[in-house]
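Have a look at the structure below before the remarks.
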Amino acid sequence: MNLVTETAAWLTNPAQWAGQSGIPNRLLEHVLIASISLGIALLLALPAGLAIGHTGRGAAVAAGVANLGRSLPSLAVIAIAIPVTVLVDPVLGGTVLPTLVAMVVLAIPPILVNAYTGIAEVDRDLVEAGRGMGMREREILAGIELPVALPVVLGGVRSAAVQIVATATLGAIFGSGGLGRFLVDGIAQNDDGQVFGGVVLVAGLAIATEVAVGLLERLARSPGLRAPGARPATELAPPSPLRGA
Amino acid sequence: MIDWGWLAGHLDAIAYRTWQHVYLAALGVGIGFAISFVLALVAARYRILYPPISALAGILFTIPSLALFAALISITGFSVVTAEVPLVLYTLVILVRNIVAGLDAVPVDVVEAADGMGHSRRQRLWRVELPLALPLIVAGLRLATVSTIGLVTITGTISDAYGGLGYFILDGYHRGNFLTEMYAGAVPSILLALVADLLFVRAQRRVTPWARARATEAAA
Amino acid sequence: MPDQAARGAAIVEYQHVSKSYATARAARGAPGAVNDLSLTVPAGKICVLVGPSGCGKTTSLKMVNRLIEPTSGRILIDGADIAGRDATELRREIGYVIQQVGLFPHQTIGANVAVVPRLLGWPAARQRERAEELLALVGLDPALYRDRYPAQLSGGERQRVGVARALAADPPLMLMDEPFGAVDPIVRERLQNEFLRLQAELAKTILFVTHDIDEAIKMGDLVAVMQVGGHLEQFAPPAEILAAPASEFVADFVGADRGLKRLSLTRVSELALHPVVTARVGDPAEGARARTLADPFPYLLLLDASDRPIGWISQGHIPATGALAASLATPMSPLLDRRTTLKDALSMMLDADVQTGIVVDRTGRLRGVLTVEAIAAALRPSADPEVIASATAAGGASAAPQSGADA
């Protein structure tokens, strides 16, 4: 009970809603870190995943990259990245940049895996029909495979986005901004209200992200495609463990 | 850049933290697997329970680990329970889904054939469904183990008594970006995760001899 | 893109076409090899490639739209080697129907039918118009189906859409790979009949792959029987394949019941019909009775005022005087259409437990009577389909002018 009132008190304190360390600014920082890293991960992983799914070549390499990416602890990636990023920017390189690097590493596996398995799982008869009617490879990818695989592809993006939002809090340990600040500072100051307030904000943002990508997916999905069933295995693990190996 | 002297002087500490890392991770995955196995069997038997379990797991996944550790301190103090509860919870998210998905992936005709030959419900589960679900279950364990090894690094935020190899990362940072110490934590923790990943790849192959047979036939 | 006027039907020629696969790919699952295939498909005909799985029939088909490239040999369409064509452009001029149909699930039926016109850059209005025209052609109401999605259609409806899609750009050549293989036998039968009717109008050149010899015989103007390893065993009209199998393999493949199969090749219109004594309702009974008594066949067939059969009256039941009333007639033999196959006709007669079937034309007017004897004559192993008609005509009891002449 105490915890709830403390949290509510912290969240409703007008002092938290203004200034550099206020909730709006931290939220903005968090969204920025998440969007930039998601954007970079998309640029790197999406074209590669689509190409691998379409050609069927390089799936083993992609699985290897994805497994490697998943194996790297984010905290370790941040630590490893620091000496490199400080060379890029002495100030940001010790705070935000390593976090960005770790978030990109975190986001690549689900985007890559879902993109290539999503495309690869598209019924080969559709591809054959398209090719037989004289569609060029690019037209097949953009006109058939991507629209049909979209729920799976966006499932990977959603998974990546949610993980980034939750994990980007780690950056605060290393002096990066974002909502993680409330957690780290709350722990340091033994301020339960601030810690739980931070939890509420991060979880809220993560859920909002999940809902937003889900909505986008529904908008982009053709009404001819049935709603995707629960696909836990594709989002969290390679759908075929044999292929993943 | 690397202070080899520091490393030489801290071999004992590194060994201890590595052992602690493995111990914390194994405990988390072990307990998590036991709980999720039961949960998944219940969910597979009573399908109506699966959507709420799955949704709850999904929400859990949105809570940052850092926050979960911090939140638990005020309840369970600086104990090993504080470290293990979040680890176990996160493995549940992965394992329950994968075990259920594994059971779901068993072809209907195989289940029917098993019934037709007179397997009892229990026999069907243990002799037919679970062996066929094993690849996805092991895939889940692999993912859960690797992600738990990553999460153990964050237990260091509870207190210096935990953290496994993550302790060095946090301690090194607090000493003003003492890279040698940070790398002493980061590099072995990555290696640990990679080794675990490789071990599970092996295990995956071992538990599915039929898949290997198929693969070699296809390659021939 | 050649214009509408240049269309019509194409001639397809295989010249010593072979396709071999490396041993690794020849393992199960790999498509069948083809060995020195030479054949010519005349314009406007349906040529069925038939054979057991792995005989290379699908490979042969896919080499025509270059989904598979031959190892050696040439394929000519209207005399031009396709190897010199851009593959995608070539494919846009060839209709393609596959067993699983491959309708794009994310597109409406209208959009699916218009895939090739869209690829060819037709204006949107013309694409839409063409899609509606084709849906109507394959028997799907455009207003009802245009905006639906493939998932909302039955298997048979999807197959029709598949055919409509292949026809979209009015290709002179269509490739059909087991196009009716994925639907149940009843729907398949209906789709086959509809397609044959459609083809009678369109007269496209069609290469058709099936593993089902019955389908091959039914659909093909020409049938190419292929053997595992990609050897062409026989290339001939279906009647010849059945009457004179070129090899033991072909004989085995068409089956021991090939005599019976020939029944499904011959239509009622090809046989001489037995004439019968007829009278209209209201005719004087006396004259009719006399004519019936004079005929070896002891029944009178009563017709209505428009010459549509009502039923039989046995000669003993014809009143001596008065007018013939409809109530005198007893239930009918089965009514046969002139396009009914002998197989169906025989089946209907066996079902009705009678020896005769009454053949009527499209308006239901009497054309003549088909007897079991006439069908038996057609069954004779030596009987050549072309000879059947004359044989039965000669063997028929009376030499009265036959009413089975083609209208």
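In order of appearance the chains are A, B and C, and numbering begins at 1 in each one.
Note that a residue touches a chain if its C-beta (ideal position, glycine included) is under 8 Å from a C-beta of that chain, and two chains touch if they have at least 3 such contacts.
Keep in mind that this is a model prediction, so the values were computed, not measured.
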{"item": "Chain pair, A-B or A-C, that carries the greater number of C-beta contacts", "value": "A-B"}
{"item": "Innermost chain, taking as reference the mean of every protein Cα atom displayed", "value": "A"}
{"item": "Subunit B-subunit C separation of Cα centroids, rounded to whole Å", "value": "62"}
{"item": "Rounded Å distance, subunit A centre to subunit B centre (Cα mean)", "value": "20"}
{"item": "Chain centre separation (subunit A, subunit C; CA means) in Å", "value": "57"}
{"item": "Numbers and ranges of subunit B residues touching at least 2 other chains", "value": "none"}
{"item": "List of subunit C residues in touch with subunit A within their complex", "value": "62, 65, 67, 87-93, 96, 98, 100-108, 115-116, 119, 149-151, 165, 175"}
{"item": "Sites on subunit B touched by subunit A in the complex", "value": "1, 54, 58-59, 61-68, 70-71, 73-74, 94, 97-98, 100-102, 105, 135-136, 138-140, 142-143, 146-147, 149-154, 157, 165-166, 169-170, 172-173, 177, 179, 182-183, 185-187, 189-190, 193-194, 196-197, 201, 204-205, 208, 211, 215"}
{"item": "In the complex, subunit A residues that touch subunit C", "value": "123, 125-126, 128-136, 139, 143-144, 147-148, 221-226"}
{"item": "Residues on subunit A engaged by subunit B in the complex (per definition of touch)", "value": "3, 67-68, 70-80, 82-83, 94, 162-163, 165-167, 169-170, 172-174, 180, 183-184, 186-187, 192, 195-196, 198-199, 202-203, 206-207, 210, 230, 232-233, 236-238, 241-242, 244-245"}
